[in-house]
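Chain naming follows the written order as A, B, C and D, and within any one chain the residues start at number 1.
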Amino acid sequence: MKKLINAPDNVVTDALAGLAAAHPSLRVDLENKVIVRGDAPRPGKVGLVSGGGSGHEPLHGGFVGYGMLDAACAGEVFTSPVPDQMLAATQAVNGGAGVLHIVKNYTGDILNFQMAAELADDEDIEVVSVVVNDDVAVQDSLYTAGRRGVGATVFVEKIAGALAEEGAPLADVAAVAREVNERSRSFGVALTSCTIPAVGKPTFELAEAEIELGIGIHGEPGRERTTITSAHDLTGTVLDAIGADMPLSGDLLVMVNGMGGTPLLEQYILFNEVQQYLQAHGARVARNLVGNYITSLDMQGFSVTVTQLTDTLTRLWDAPVDTPGLRWGR
Amino acid sequence: MDADVFRAWITAIAALTQEQRDHLTQLDAAIGDADHGTNLARGFAAVLAALEADHPATPGAVLTLTGRTLISKVGGASGPLYGTAFRRAGKSLGDAADVDLAALATALEAALAGVQQLGAAREGDKTMVDVLAPATSAFRKAVAEGRPAPEALAALAEAAQAGAEATVSMQALKGRASYLGPRSVGHEDPGAASSALMLGALRDTVLAGP
Amino acid sequence: MKKLINAPDNVVTDALAGLAAAHPSLRVDLENKVIVRGDAPRPGKVGLVSGGGSGHEPLHGGFVGYGMLDAACAGEVFTSPVPDQMLAATQAVNGGAGVLHIVKNYTGDILNFQMAAELADDEDIEVVSVVVNDDVAVQDSLYTAGRRGVGATVFVEKIAGALAEEGAPLADVAAVAREVNERSRSFGVALTSCTIPAVGKPTFELAEAEIELGIGIHGEPGRERTTITSAHDLTGTVLDAIGADMPLSGDLLVMVNGMGGTPLLEQYILFNEVQQYLQAHGARVARNLVGNYITSLDMQGFSVTVTQLTDTLTRLWDAPVDTPGLRWGR
Amino acid sequence: MDADVFRAWITAIAALTQEQRDHLTQLDAAIGDADHGTNLARGFAAVLAALEADHPATPGAVLTLTGRTLISKVGGASGPLYGTAFRRAGKSLGDAADVDLAALATALEAALAGVQQLGAAREGDKTMVDVLAPATSAFRKAVAEGRPAPEALAALAEAAQAGAEATVSMQALKGRASYLGPRSVGHEDPGAASSALMLGALRDTVLAGP
């Protein structure tokens, strides 16, 4: 394993120190591994807190700032943070209007955020949790852990953050977060495995020309292994899977996301195919993101996330945002 | 069994999770996200430090501190689950200075209940519950039948081991492995494996004696 | 080779089609492989044109827009564009105030831009060329091709673009571009080779734990091969090399750039080390960029670029910019 | 030698660059950026198309069109350099319908001058000049001595081959390879190799006759 690190056990704190140095407008608590907006808590504003395992940068810490998250907690690589961190973040952003927890649907994240919510409740901080579960690669079911939360998390954080910035109450912010999640679907593909620093070797092995369809952002295996095809065919497979679960029509917000090791050149090639597929299916890509937004360390691969827009969601998407990872309008 | 026995047990677990760290992580790599060994090694190292810091005097206090520390240091699914298990066990032991087999059985049942309440996993879902459940009831049965400690603890550890092995053929319905559906079959569940390690360590520690 | 493409010969056009689809505010001429600002030509505004081989995305096409480039030409992967493309771009952005050509110092780029400038001259378009050559990994000399142009290109395009946006005349825009280049130095490190789609296998091989110091953005070998060290020591090596060529003092603009396959997590770890090194040497990181800005396809590695700021350069750096790859202030 | 001969020469070069594409690219990978073979293959394919499109009638027109096409299709360093070489050669041949050895020697000298004017490389800098210069002067000398075509063209091709091989031991002072300094020694220069291919093809084409 060749990595640009000091020691596997220090990657998260070292990276957070770098984030703090690069973005003085953020407050980074290295002890609790919590990234907070410089001006938090904002009295009367609903606080948005998310977090999860590290290794998905810029998610979540890179989305803290005006119009998006108020705080993020960073766990160890691919391991959800602990309740203490989440409580510290919740306290730091509580402006009296309550706090929204945006939780990706993984057992670890669910359980730890649940405990954190109880701790916050003990301190009379009103907390509502919204669970993101947009990954169609996983069959949903009442009896399983259900679908994984992936790309839609970026959209939920941006759109709910915009509404909170407008001063909306906690119930409305939670409602729009749920709405975005319900209107979003994602599917990921891996060309190579990621390598977790503490493990030192790839999580899985793929043969030359072999790819994993439905890969998870932690390198969890997906639907099946198959042989790589053209960007055109691969995009078709991905969008067929998404379309089988949600009608692809009307105005869409679409993200082509790089997993961390895939060049932007290839991501634009993929986006071209996605745009043509959706156009051919009578939908319109009204808004888009192309780049590395929710990654899996050094994995080569991509994911596509599609959200059915409404006029309100489009307006909130267009609203100004100023974070290390997403910025426009100011 | 006094506080020293339980402290020795936790110390043994800490040593085992360090030693088996890569093995547990590899099990997790096959059907999860390759961090179970790292999580537990990190967590129990923190637990040892905590036990050092404020020397809890009773078995209950030892386990409660162990649980609280795991909850605030491990993260992931196993952190809250094992943390709750140890905390519930500790609470059920109250502040008794010495614990007998029956009390221990009750504590293990409380731990299992805590895990199931939090994680909603049932036997057969391919989780740590598939070790904790059969091991606990085998232990309770042996204790009820008045078997001596060695036999009862052997029953506990053997049922745990069998439970862990049984997860190989199961399809995961809970946790990260459930994303795999049928592809989760054929692999031992990492949490089941770590639970079997812990209960095996309990037997060895108690039998080794002071 | 596993790549998310349709055919090696189509990567550039397919990616440009994707860029066009993702950014309707840009005009993309797929025939000439030229990306132009939607509102070009702006009467009375100096036009900024750059370009080079593809495979370095977001450079250059991703830096076309308000406050930065007016047009960029995309060559084949790692091959400089041809004079016809450069002429087409120059014509498209000529608003009567002349056109600045920003050229990275590679023989191919120099020769083709030189021919393009002659062609533009035939059409009475005033063209001034500025050559970027900031790579200290290469020994400079009158008798060689000289230093390579790398990371400073991003700074030159941003700062000269800001001055042009203010309506400054061609001579001043060219002068500030030269000033930024003269005040900038870069050094790159590769952990792995890139793989050129048309070639199908890695350009070079590095052993496990082996790295290339002074790598070029086309995978050209650098100063030497050595064994990977910690992020701390590696950053020391890189900044020592830069410092040996330019005093590291005062207010600095610093970029930690990912080569395309290196996770943001590691880039922030590197930035943390860079910041501490410079602070310890009495300099101040007044402005920074951390991310993939001038890449080498899927190469794992990084480069550091340091620019000595002046009040004017800082003001121009802070000025609003709105491009796919760099955006703030609007 | 009429237009057909020169058309045949260019056609032979196009075939060779396709055939040697990977070899030339590998030479470039060692001391450059691994695209020389791709660049030339792409360029000469475009040249063939152009020659098809507007059938140039004279040797000069064939070479001039070849040069212009290379300049507008190849890019990189070799595009302008080879493009200029062929354009200068074409110009020097004027609109003669038939070309003799002396005129060809003059055309090659014009090509070399164009390359050096544009690229400022001297002999010994480890570039295509290290093939074009010795080959051109060997050819001029043979022609001046009144040698027959086969001998003069053999001298041209052999000097070219020797020149290409000589670049192995040189340290590059121009082009991408110069970034390597001493590390550029021990590798054949890709542009020198492609120049030797082109001049070898010239000999073979002319000797093959109509």
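The rule is simple: a contact is a pair of C-beta atoms (placed from the backbone, for glycine too) under 8 Å apart; a residue touches a chain by one contact, two chains touch by 3 or more.
Just so we're clear, the structure is a prediction, and the values are computed from it rather than from any experiment.
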Using the average of all C-alpha atoms in each chain as its centre, how far is it in Å between subunit A and subunit C?
29
Quick one: report the Å distance separating subunit B from subunit D, using the average Cα coordinate of each chain.
76
Starting from the mean Cα coordinates of subunit A and subunit D, work out the distance between those two points in Å.
55
I'd like to verify one number: the distance from the centre of subunit C to the centre of subunit D, where each centre is the average of its C-alpha atoms, in whole angstrom.
32
Using the touch rule from the top of the page, what residues of subunit D touch 2 or more other chains?
none
What topology does the chain contact graph adopt: line, ring, star, complete, or other?
line
On the basis of the stated criterion, which chains touch which? Give every pair.
A-B, A-C, C-D
Touching residues of subunit B toward subunit A in the complex: what are they?
25, 29, 31-35, 38-39, 42, 71-81, 118-119, 172-176, 178-181, 183
Please give the residue numbers of subunit C that touch subunit A in the complex, ascending.
2-7, 11, 14-19, 21-22, 54-55, 57-58, 62, 191-192, 208-209, 211, 228, 230-232, 234, 260-273, 275, 285, 288, 290, 292, 295, 297-298, 300, 302, 322, 327-330
Within their complex, subunit A touches subunit B through residues 53, 75-84, 106-108, 111-112, 114-115, 137-139, 143-145, 148, 196, 198-199, 203-204, 216, 218-222
